[in-house]
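Consider the two complexes below, in which chain A is the common component and chain B and chain C are the respective partners.
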Partner chain A sequence: MEVLLQVLIGGVLLGGLYALVAFGLSLIYGVARILNFAHGTLLAVSGVLASLAFTAWQLHPLLIATLLGPMMFVFAYGYYHLLLRPLAKRSHFESTVGTVLVTVGTLMILSDLTAKAAGATQRNIPLRMPVIEYGDIIISTTQLLILAGIVALTVIMHLLLKHSWFGRAVRAVTQDAVGAQICGVQSTRIKAMTFAFGSATVAIAAVLYVLSFPVDPYMGFSLTVKAFTIIVVGGVGNLPGALLAGVFLGVAEGLTGLYWKPEWAPALSVVAMLVILVAYPKGVGVKT
Partner chain B sequence: MKNCVTRILATAGLALLMSGPATAKQNSCSDPILLGTTISETGPFSTLADRWRKLTEVFAEEINKTGGVMVKSCGKKLPLKFVIYDDQSVPATALQLFEKMATVDNVDFFVGPDWSSLGGPVPPLADKHKIPMVMANVATPAVYERGLKYIWGTPFPVVPNWSARYFDMITKVSPQPQSIYFITHDNPVMKGISATWSKKAEAQGLKVLGNETFSPEMKDFTALIAKVRAAKADVIYIASYDNASVPLVQQMRQLRVRAMDVHHTMLTGALFRQVGKDIEGMTGELSWYPGVKGDYSDLVETVMKRSDVTMFDYIWTLGRLTSYLTMVQAIEKAGVVDRERVKEALFKGTFKSPAGDVTFDEKGFPNTGAFTVQMQNGKVNVVWPPEVATGKLVWPSPTWQQ
Partner chain C sequence: MSATRTTRLPSKAGGGVLGWLGAGLVIAALLALPFAGNSYLLTFGFSVLIAYILGQSWDWVAGEMGYVNLGHYIFYGFGAYAFSIALVSGWSMPVSLVFALAVTGLLALLLAVPLFRLHGDYFAFATLALLPLMEVLAYNLTPITKGADGIVLPVAQVLTPAYLLALAVCVIAFIATLQINQLRFGYALKSIRNDEQVAETVGVRIAPVKRLVLVISALFGAAAGALQAWQMSYIDPATVFGLNVSLVPIAMVLFAGSGLRFGPLVGVLLLASMQQWLLVNIQGYQATLYGLTILLIGRFMPGGFLRAKWVKKVPGLAALSREHHEYAGEAEGVSAQPDVLPLPRLRADCAKPLIELQGVRMQFGGNVAVNDVSLKINEGEIVGLIGPNGSGKTTLFNCISGVYTPSAGKVLFAGQDLAAFGRDGIARLGVGRTYQIPRPFGDLTVQENIAIPLMFGAQPMSPRDAMREARAFVDYAELSSRLTDRADALSVQEKKALEFARALATRPRLLLVDEVASGLTPVEVKRFVEHIRHMRDRYGITVIWVEHIFSALEQVVDRVIALEQGTLIADGPLAEVVKDERVLSTYLGASARSRQGVLPC
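So, the complex of A and B:
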């Protein structure tokens, strides 16, 4: 029983991190209609930067997140305007193919540049904090802090989308870009800001991620695939759905590792997601 | 227009024929001896090999300082030259590059590659082009059991000898361990090591309580570690490349895994830098270390010093250098730069290395082994066999018993 509880705790934590990665992508795809294949790589790169900042300057992870978020926002905003926005003027087919090519190219360039600059070895923030032992169950304070971070970020994002002008504008553009434009919402600017916001979110998620798991410059694509899976199952633009789907994915991986074989965990969890999609084609969760 | 195109193509063809690297011709006494190799300078295995290009170039410089390789039929020494490419740790890339070295660069012989995942697809190329290939760190016996006639290997150690000294050691310690749990990285050589040594552990009277395999991309080991903790094995044997096991080792510490000993098949400097104090008290294998005198040990020490390679950071360096030493000795034994004669010299041959004689069987498989080491106060010490030990074994490991 205790072993099962330990695995469930780990699965919820991992799933929460997956969900954070997926939030940003969900917004980006929902609003800007961009399949950003470099999304996971942004986490990997941000994680490497966070680890370097911790190792070199002993910066507190909270401070690192505070610095990395805005940095990634500015980078992503410029990236959108320079490389992705020009594609929107093309035909639908050219725009889609072009976006895929640009984001896949970005993924490769970012990975190689980071590996060249910082090395290809895995890095993390090795914060060793006290653990809470309850029988055979061990929960580290780090895990609790990460969980608190995930909850806080989720609540902040939810409130932002529900109650701020930016959130209303994002939802308006998602529903009808032309209609939103007529109502005075500059949909192009909102798309750029959403892209930047989603990227900033993943940078903050990266800091939480490297507190528990190591990152390397080449691991991004597998995370992007997981994020895509989560937003498809959770529903595009649906944050509670993405959170549910993310937690389900994390728990499914843990339980597969416990009751069957750890090496089958990634494959079986995706199969489980596909089964859910068959049962709920529009995804799970309530729309925000 | 047609004439213009024809002229352009003809000129390009001529330029192509006249260009390309200078290549040694077989049985030549005027050209350098050309050895072709790939090194994993980038990709997942780069932490084990990213300084080896410099190592290789320095090796050639040191050999050429005394004139090069003695070729009896020429009555003189011929300089040694390497053609080096980065295989990016990718088998398909290695295959393309070796093909290129055979057909475009026209190398005389092959040395390398490393790693059993590359040792799978690349060796048949040696047979295809009839170019003798002395692979470096390819330790899986299955690679050599395909009836190929032009391959040999100098991994230190080979899978059947990988933990021979470790398992000898644990029969002589007190308290003696009764059980063992294997955790295996999903990789050909690591699975080979686990399969071989779990059988030997059982033959030795140890109870094998489990064998879990994990994929290289795995980051969350909670479920796996929960199983290991529940089993309460005396020894935990991690068969994994260093990089892949970083989160495993860290999470084992966080989740308070207890054992008399945690043994790692790749206890490297790269692992130490990534996990830090978490590695303390772990045991592992090391092929050789400077200070152990043997044939060519001075040359190897000089080459490593000049290329800033330490044995703990790059534990497979001896295998790499021994592939070069073996090829050089084979050419000297053959007395001529001729592929078939060198092949004969390599067949079932015995060659010198700093860690002792390397003897090949009829399949090109060597007899190499390794010492047992333990991380003690942030330093790696050889602890077995006692006659070459640099430190006293601490058993059970205090940091894994707390």
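So, the complex of A and C:
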């Protein structure tokens, strides 16, 4: 019973983190029409960096997150302008394959360089925090911290999207980039900002991730696949949908590990994605 | 495709003999390589051949059909595993190879069903996600695949036979590429690449074409995998399903030019040589270098360097940048009289209904676009379909041509219920249509645009005959001077003329014309009116014409049907319909009732 509960709690947390990663990817896809294959790798790299920063300087995870987020924002902003924006001008086929090659190339470079610099081993942040015992159930404060982080990030993103000029612009560009441009939204800038914003979210989610789950330089792509599955289920640009789908996937993976074999868990998301795509070729909850 | 690209095609390459001579020399040199006694060179040559097989077979799906299959490598890996498992279990090499091809072909056939429900980015992503899935399977199905240990094949010195076999497969792949582009199959691929829906509405049965091309591509991928496994005598999951190796052949093709005759060949040769040099000279950062190469190609030349302008100016290279446009400008059979089209002269029986709609309803969620429309149109009639924007005219066309399946009701064409037919079947039955915004096959020539419906009509023609016959339609549409130009380089008016001519080339009995006259000058409108009258009078074609220009309709229609909010509100002679209260109020608002006769008719 306790094992099952622990698995469920772990699944919910993991799923919440998946959802954050997925939501960043989905914002970027909705606004800039870019499927960033390196999106999950950003979490892997940020996670390794966070872990290194923690072991080297004993920085508090919160501080690491506040440092990593803006750093990733700047990096992604420049990356978009330098490598992805020019592809938008090309023909449909060329911009599709061009985007794939650029982002997959990035994925390979980031993974390889991170592995060279920090080793290909699994890492995390071994933060020692007290546990809360409630009868049979043991809840670690780390898990509570992660949960609080997920909730805070979700609320911030929701408020930002619904009640700020940036959010309105993002939603406008998602629906019709040219239309938004005619109404005075600088589409290119919004696309770059969204790309940077989505990537920064991942960096912050990465810090929460390494607090409880191990990261390694090569885990990124399977995470991207999971994120994409979540988008397909939850709908492009749909935050509640992403959360629901993410938690569902996280728990399902946990249960697969518990009742069957953990090594099959990575196959789950791919199969789920394929099955769902076959049933709903344009995604389930398409909504912005 | 960008409009700045070549608009006029190079004239047919004269050096056919020279080309074959060159190809013969290259093949002879490659055949001699095993006897040079340099096994390093031979291994390198082998890896180049494998890369070419993979790149070329990928390009049939991507460059020709426009589907970016990022998971092409799974066929390579699957073939390698099937071959190795068969060989280890004691089967002979040829039997194992056949086995590998058979099971991989079957896998492709199975995957085609779910994958081709997807398009664009979703297709690309789903195919890429197959790689990690296959890797997980290979790692975890240990009883069959031996998991992470990999499969060790019986040791044998097979480099030379493997090399020769790979060379043979390469030659077959290249010849197959040339062949595909001369067959109707190749034109089907090209039409799918440009616009799947239009391809269907001009009669192309796309589903079997898509399945077949994926299976053929998979077979070549599997052959490459099997030969690679045979030569290396060891495989494990990472080498055949790894993400960092699997995109390399694709990047090679894109580097030189996907969809070009020599694109895959040139790209593979150049990049494989560079890769080999890097492998020898730089240690430890292979994945980064692969990644960087892929990234730079994607950023700077996803269209391929062979398509760059400077290539066209270099004599030797210009020949390599050749696009696949067979039979270009095929000159025979130019009709003597520009007014005579090679269309059957139907005898219209004015008393017989050709198309009948019974309570047709089209609903998108809660939005009813076409609301229980019933109407009957007899053979040889020209009917105007009017109504304000958004009143459901185009939706009605889409219901007839099979683009939409009506939510309720029946469409009968010459007595047959169209629900039993797909879009291509409806086209072959004799329903031709134009699109409101012209949708030509952009990267094909004007001639090819018209030849495609001729190839896939009720009486299919060979590509060569179709290209000849297309001339008459091109002349009729007054596009003769644009015969070998790409369709996306045409002006709006020319595109409309092409759209109309292409619909005629489906040899329709019923022609659905969607706002073909809007935006044209009065002279051009007049010419269209003449064309439409001509179609009915000479060839007995029934016409439904959606148009807002009443003065144009007035000259030719027998009656008009008016729609409002999806509902049929009037049906009768134009002069009467425009006096109808409801028509007046929908077009001009309620106040117009007091000022009848405002309409220009």
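To be clear about the criterion, the second predicted complex is superposed on the first by the 260 of 288 C-alpha atoms of A that agree within 3 Å, B and C clash if a C-alpha of one lies under 4 Å from a C-alpha of the other, contacts with A are read in each partner's own complex, and residues count from 1 in each chain.
In the analysis below, a contact is a pair of C-beta atoms (placed from the backbone, for glycine too) under 8 Å apart; a residue touches a chain by one contact, two chains touch by 3 or more.
Everything numeric here is computed off the predicted structure, so don't read it as measured data.
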item	value
Chain B versus chain C as contact partner of A:101, first or second or both or neither	second
Touched partner set for A:176, first chain B, second chain C, both or neither	neither
Touched partner set for A:90, first chain B, second chain C, both or neither	second
A:263 touches, of chain B and chain C: first, second, both or neither?	both
Chain B versus chain C as contact partner of A:222, first or second or both or neither	both
Larger contact residue set on chain A - chain B or chain C	C
Those residues of chain A which chain B touches in one complex and chain C touches in the other	222, 261, 263, 266
Residues of chain A touching chain B in the complex	3, 6-7, 9-11, 14, 115, 120-124, 126, 128, 131, 133, 136, 138, 140, 142, 213-214, 216, 218-219, 222, 250, 253-258, 261-263, 265-266
Touch list for chain B against partner chain A, complex	42-44, 46-47, 186, 212-215, 217-224, 226-227, 229-230, 243, 246-247, 250, 254-256, 270, 273-276
Chain C residues within the chain A interface of the complex	1-2, 62, 66, 68, 70, 113-114, 117-122, 124-126, 128-130, 132-133, 136-137, 139-140, 243-244, 247, 250-251, 254, 258, 284-285, 287-288, 290-299, 302-303
In the complex, chain A residues that touch chain C	29, 33, 35, 37, 83, 86-87, 90-102, 104-109, 111-113, 116, 221-222, 225, 228, 232, 261, 263-264, 266-267, 270-271, 273-274, 277-278, 281-283
